[in-house]
Amino acid sequence: MTPQPNTAAASLQPGGSKIATYHFNSDNGAPVCDQVMSALMSCNQGTETAYGADRFTMNLAPAYSDYFEREAFVFPVPTGTAGNGLALGAVTPPYGTIFCHESAHIVTTEGGAPEFYSGGCRMTLLPGEHNKITPTDLDKALRKHGIGNVHHMAASAISLTQATEAGAVYRVEELKELSELAHREGLKVHLDGARFSNAIVHLGVTPAEMTWKAGIDILTFGTTKNGTMNAEAVIAFDPEIARVLGFLHKRAGHLFSKMRYMSVQLLSYLENDLWYANALQANQNAVRIASALAQCSDVVLAHPVQINEIFAVLPPRLSIALREKGIHLRPWNLGGNGEGFRLVMSYSDSPEHIQRFEDACREDAAARNVGPQFVTPGTVRPD
Amino acid sequence: MTPQPNTAAASLQPGGSKIATYHFNSDNGAPVCDQVMSALMSCNQGTETAYGADRFTMNLAPAYSDYFEREAFVFPVPTGTAGNGLALGAVTPPYGTIFCHESAHIVTTEGGAPEFYSGGCRMTLLPGEHNKITPTDLDKALRKHGIGNVHHMAASAISLTQATEAGAVYRVEELKELSELAHREGLKVHLDGARFSNAIVHLGVTPAEMTWKAGIDILTFGTTKNGTMNAEAVIAFDPEIARVLGFLHKRAGHLFSKMRYMSVQLLSYLENDLWYANALQANQNAVRIASALAQCSDVVLAHPVQINEIFAVLPPRLSIALREKGIHLRPWNLGGNGEGFRLVMSYSDSPEHIQRFEDACREDAAARNVGPQFVTPGTVRPD
Amino acid sequence: MTPQPNTAAASLQPGGSKIATYHFNSDNGAPVCDQVMSALMSCNQGTETAYGADRFTMNLAPAYSDYFEREAFVFPVPTGTAGNGLALGAVTPPYGTIFCHESAHIVTTEGGAPEFYSGGCRMTLLPGEHNKITPTDLDKALRKHGIGNVHHMAASAISLTQATEAGAVYRVEELKELSELAHREGLKVHLDGARFSNAIVHLGVTPAEMTWKAGIDILTFGTTKNGTMNAEAVIAFDPEIARVLGFLHKRAGHLFSKMRYMSVQLLSYLENDLWYANALQANQNAVRIASALAQCSDVVLAHPVQINEIFAVLPPRLSIALREKGIHLRPWNLGGNGEGFRLVMSYSDSPEHIQRFEDACREDAAARNVGPQFVTPGTVRPD
Amino acid sequence: MTPQPNTAAASLQPGGSKIATYHFNSDNGAPVCDQVMSALMSCNQGTETAYGADRFTMNLAPAYSDYFEREAFVFPVPTGTAGNGLALGAVTPPYGTIFCHESAHIVTTEGGAPEFYSGGCRMTLLPGEHNKITPTDLDKALRKHGIGNVHHMAASAISLTQATEAGAVYRVEELKELSELAHREGLKVHLDGARFSNAIVHLGVTPAEMTWKAGIDILTFGTTKNGTMNAEAVIAFDPEIARVLGFLHKRAGHLFSKMRYMSVQLLSYLENDLWYANALQANQNAVRIASALAQCSDVVLAHPVQINEIFAVLPPRLSIALREKGIHLRPWNLGGNGEGFRLVMSYSDSPEHIQRFEDACREDAAARNVGPQFVTPGTVRPD
């Protein structure tokens, strides 16, 4: 799949380009949810000690240690790219290589953050359906690479994305099998959890079960796509990795002077199970849209719908019908001959637009006498 | 001066250490000001395109081009360390060296950000009173270094801090003279403007006069210490430097997905001359405190009071008197035998505490029959 | 093709492993030729100024400028890996990417030298028969990459290997077409000339025609495989690239203190057309072996024989016959079901072993009544 | 002391600059000694396996393990700069800092090799007479730095030069005390042994006593200044450091394809105690010159004469007298008002020139009626 990132920061084009307004475009486009916004307001009182020695940041480690049922070290960062770079840099020396999927976000659209944060690593690319790598391919790649062969680089880490950029989710058993292969050869295991909560909702497991109990050594914990204001976190379970992270975190400029505004968001995110509620809503929205599409003929899903993402090739008549109802979808190269689109749902999707989407599909199906063909991905147990 | 940074992110000490609560401790400890907080709230409506292609970010370049009276390229970053690293990395190759003051913040307390962002540069350290480097010393250092001598590194940039970490301000003529020396040898000129607005207030010049008109090629523009929520910006005036910045900015993880929340702050900061009003308040608070201290005998100022910082050695009787009024100052190593303190004022200082501080000084002076000895730094024209 | 490098420096295995002694194993295994050894002896008289300011090094630039018919800047290095790293590092910033063949030596067996020397670049891999990339694939890759897209990296250079690791040679027109595509998008063009002379012999063109006249900006000029004692050179034609090279060259530790011993070899290499004579001998040896193999049935060549390398799948009866004559070939994974081997000829191949090889083939052919089927690669004009 | 390196590689100045021919200029200017040249000739027979899997390289580890009385891992490199960079890169992460003397060769004249090989480290500079750092200063610097303070960098290694660039030698007890301080805080200890053998001759201790028995973790072992053809070695005693070195060594391009020519030199260097004999000769030459100078009035030595280096301020009448005998010394900035010179002796110094030097001094002394004032540094036991 060809990545289709947005254009660079507008500051590079002072003239200003016309901005397309798609619907169900990206969970990155959603606003900050009310609970998090309120938390930000409530912490904006009086002075606090800077650089993370404030009362909010002091609570981060306890709160996340509870969440993960194990001592956790928490390093707030503003973006997923920063988080992935930082996490990988902490487990990969400049002469190391990271095994990951050839379409992983760290490969396609992070501008070389792993190379930057590690100081010169390489990514060794693996294939795999729906952006998931398989134990067979990983094992083969490790054997071909040759641990300790200085003509190659030092095999240092694997990076998995949960859920993947294609919206697919690794089962806990798959994570375990991959981690065991990595650990057997001395590699660390990184999880890019940009849509961590959506995957948890899909699998119905605990955060602990999907991370350290499955062999994950270090985690990029995403919250921005699920309701916060640019607040992600790198989470480590090992004190030595945390020691290294401390230096990299400061050095890269992520030790915020007014850290309280990051920490209060990350704390609020756990309160009242906000993380779960928002992800559940987003996944359920995807179920509704996918179910609507299932009624229509000539629709092809490029990937299973397991979280809040749908990759669909639509017949022209349907995309026209949607546009007539004011719904413009974001084109996405899904190969083949049809018109591909990526739809990403969020907790904040407009019910009215979902309704309109459903209407368009129902009308399309009725016009063609196709009966309902519900798909039920999302919150169900792993397939 | 020995730097005395706060301790590392609390996440590294899950047990939690006792946090000292000093007064007039740091402008980093101040809350976000109302105007900026309102702007954040107001932009939290509906979806926006991610990664900087939103309506707010589109306005950044025009707004800052107006502010600087020249086409400006704006790259939002979350911290001053990120900003300095990014700016220096854009003008310094891995084999380059940066000439700067030996006590510059980039040297003492940014964890090696310049080395990280450049990929291996070195900082060549210069002396200078009040953390200001002199044209004489710069010229001498450049000659000793030898432009083009491969046994040394490539002389690539100079970095100046305005105002310096010691609260001193370069006059525009000084900036020009240093820039000319640098440009003559092909070096770029960086300005660390962590307290940019406070310096502007002190000098009474325009942003253009203190930057590109004085030879500054690239700028770290600080707003966090002056009222925003972790929003700094790297500002370039040259399209080729901006092109490089674009790649580094993304690569380091500073191209926020929800960029609108950064951009709206940076826009609000300019509205109603908020930047000036806040800095003026902070500087005036420093004048009040410094004037109060001037009444007392045995007080020594380590540096001139030109912005919102005071470095003072107090007699024990005075620091005791302050503590009795509930004012605990932050100790700072200023050499000598006395008790050194650093006081940093902000727009949000409590009037009550300023009043108490003045009371303590007046009472101390009265008890010792010392008449008023007003000092008037701050908003006055350059000395 | 799976790369099959030798094992790491023996110092890592103090116990010592048994070393296989193959024939026609590698041109890296050949001794230093007499003319070069004599030159080394002859320069070993008295003292010389260190670090390249000696009389021999002073002659390098003039000699190579003559050789290339244009002002050339010469930087001696001890290995091809150092040369490639240095050359690529001079034209690729840390945030840049290099387009090259997926089986290029810089990708498969140089331990990440490009990433190291550039400070964090990435290699974007292209396919292509016989390790040659095609203009079509390069054009497609550049378009997909998107020049200036900050989510990707900065497209900075392409790297071509002449002759390729598969023994194939780009025609001058092919080099030109690839260079033009690169230059059109602002990329620099690097040529890995580990077997530069063998390619020249094959093409029958001048060094100028195969380099800057064909758009090559920077060159790794190999001599070690063709008769010298670990003496390669990075050659640039542009003063600005040379300026950068000067710093990287020193920084990486390649500015030898006793530089005369490097320079005298590089000078001797050009004298009496030694470079051509040695490469011609090696290529002709390959023609003899390939011609011998052509008589035998069931032999498959994986790549055309254009220089001094043969990649052949042999029937077991033939490899047994060769071993009975004392000739053990180096196994090489060429896919398929047969027994693959890589044969690399050098100027110093033992005539006796070539004769034995020919005998074995002739006997095999005679026993199977296959008539002569001469192949004539090598010194002939481009196909 | 201002470093005064030679100019850059002549290739950068194709026009060619006039080269000064000084006497007693540098041990880097000496030719390769006969025994090593013979060894090079003798190994130039037939083919050998490339990349270090040859018969000579196989013997390196055993030979050096004998020499150091402990298992040693040996990595040949072509220059001291490469060796120091490689060694420091193996014990310093990109976010680490190295404590060393402010005039160490790694600081003044290696073009940023430590920053390059580590991927972004910083050197923390210490003062000290004759380029030796003292335990008191190291202890103070470590305390000021604050181990674990993320605002600073990670304290990773110390680097000592034995003998120093000023010709001074650390006593074994001094090495031990410095190593203990470093190890107490978790830092590794590097020894730059560019003139390792000269220091051994001065101290009269064993290689083991001056390295691992004194706490040295990793060593740059210099042989080029003492008779070989650009052959240095990084030597580690710890298998984990050796594992890292293996990757860096290859990655930087120091895994020579024709490694035998490096290894045979390093083996020959130990045979017949060549290393000791050459260094002894060089040190004794320095004693002769220093003794001659001691007869003359108005001569000031800037540093003690302990190895093969003399830093002397001469009265103009004496430098004129030397030039009249055809001896031109290399100027060196030694401060003060006189004419400073650096003299470096080598095993290959011309006896005739030494004699002429002695004659000039004796005549000068006789003309001024100054009696003999012998100094006896060099091979004597440590002061």
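Labels A, B, C and D are assigned to the chains in the order they are written; within every chain, residues are numbered from 1.
Quick note on the criterion: a contact is a pair of C-beta atoms (placed from the backbone, for glycine too) under 8 Å apart; a residue touches a chain by one contact, two chains touch by 3 or more.
Model, not experiment: these values are computed from the prediction.
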Partner chains that chain B and chain C have in common: A, D
Farthest-lying chain, centroid of Cα atoms versus that of chain B: C
Could you put a whole-Å number on the gap between the CA centroids of chain C and chain D? 35
Centre-to-centre distance between chain D and chain A (centres being mean Cα positions), rounded to whole Å: 53
What whole-Å value do you get for the distance between chain B and chain D if each is reduced to the mean of its CA atoms? 43
Could you say which residues in chain B touch two or more other chains, in rising order? 5-9, 12, 51, 94-95, 110-112, 116, 119-120, 148, 150-151, 153, 243, 246-247, 249-251, 255
How about chain B: which of its residues touch chain D in the complex? 2-3, 5-9, 12, 94-95, 97, 108-112, 115-116, 118-123, 144, 148-153
Over in the complex, which chain A residues touch chain B? Could you list them? 5-14, 16-17, 19-21, 25-26, 28-32, 37, 40-41, 44-55, 57-58, 60-62, 65, 71, 73-86, 110-113, 116, 119, 224-225, 229-230, 242-243, 246-247, 249-259, 261-262, 348
The chain D residues in contact with chain A across the complex are 51, 93-95, 119-120, 148, 150-151, 153-154, 243-244, 246-251, 255
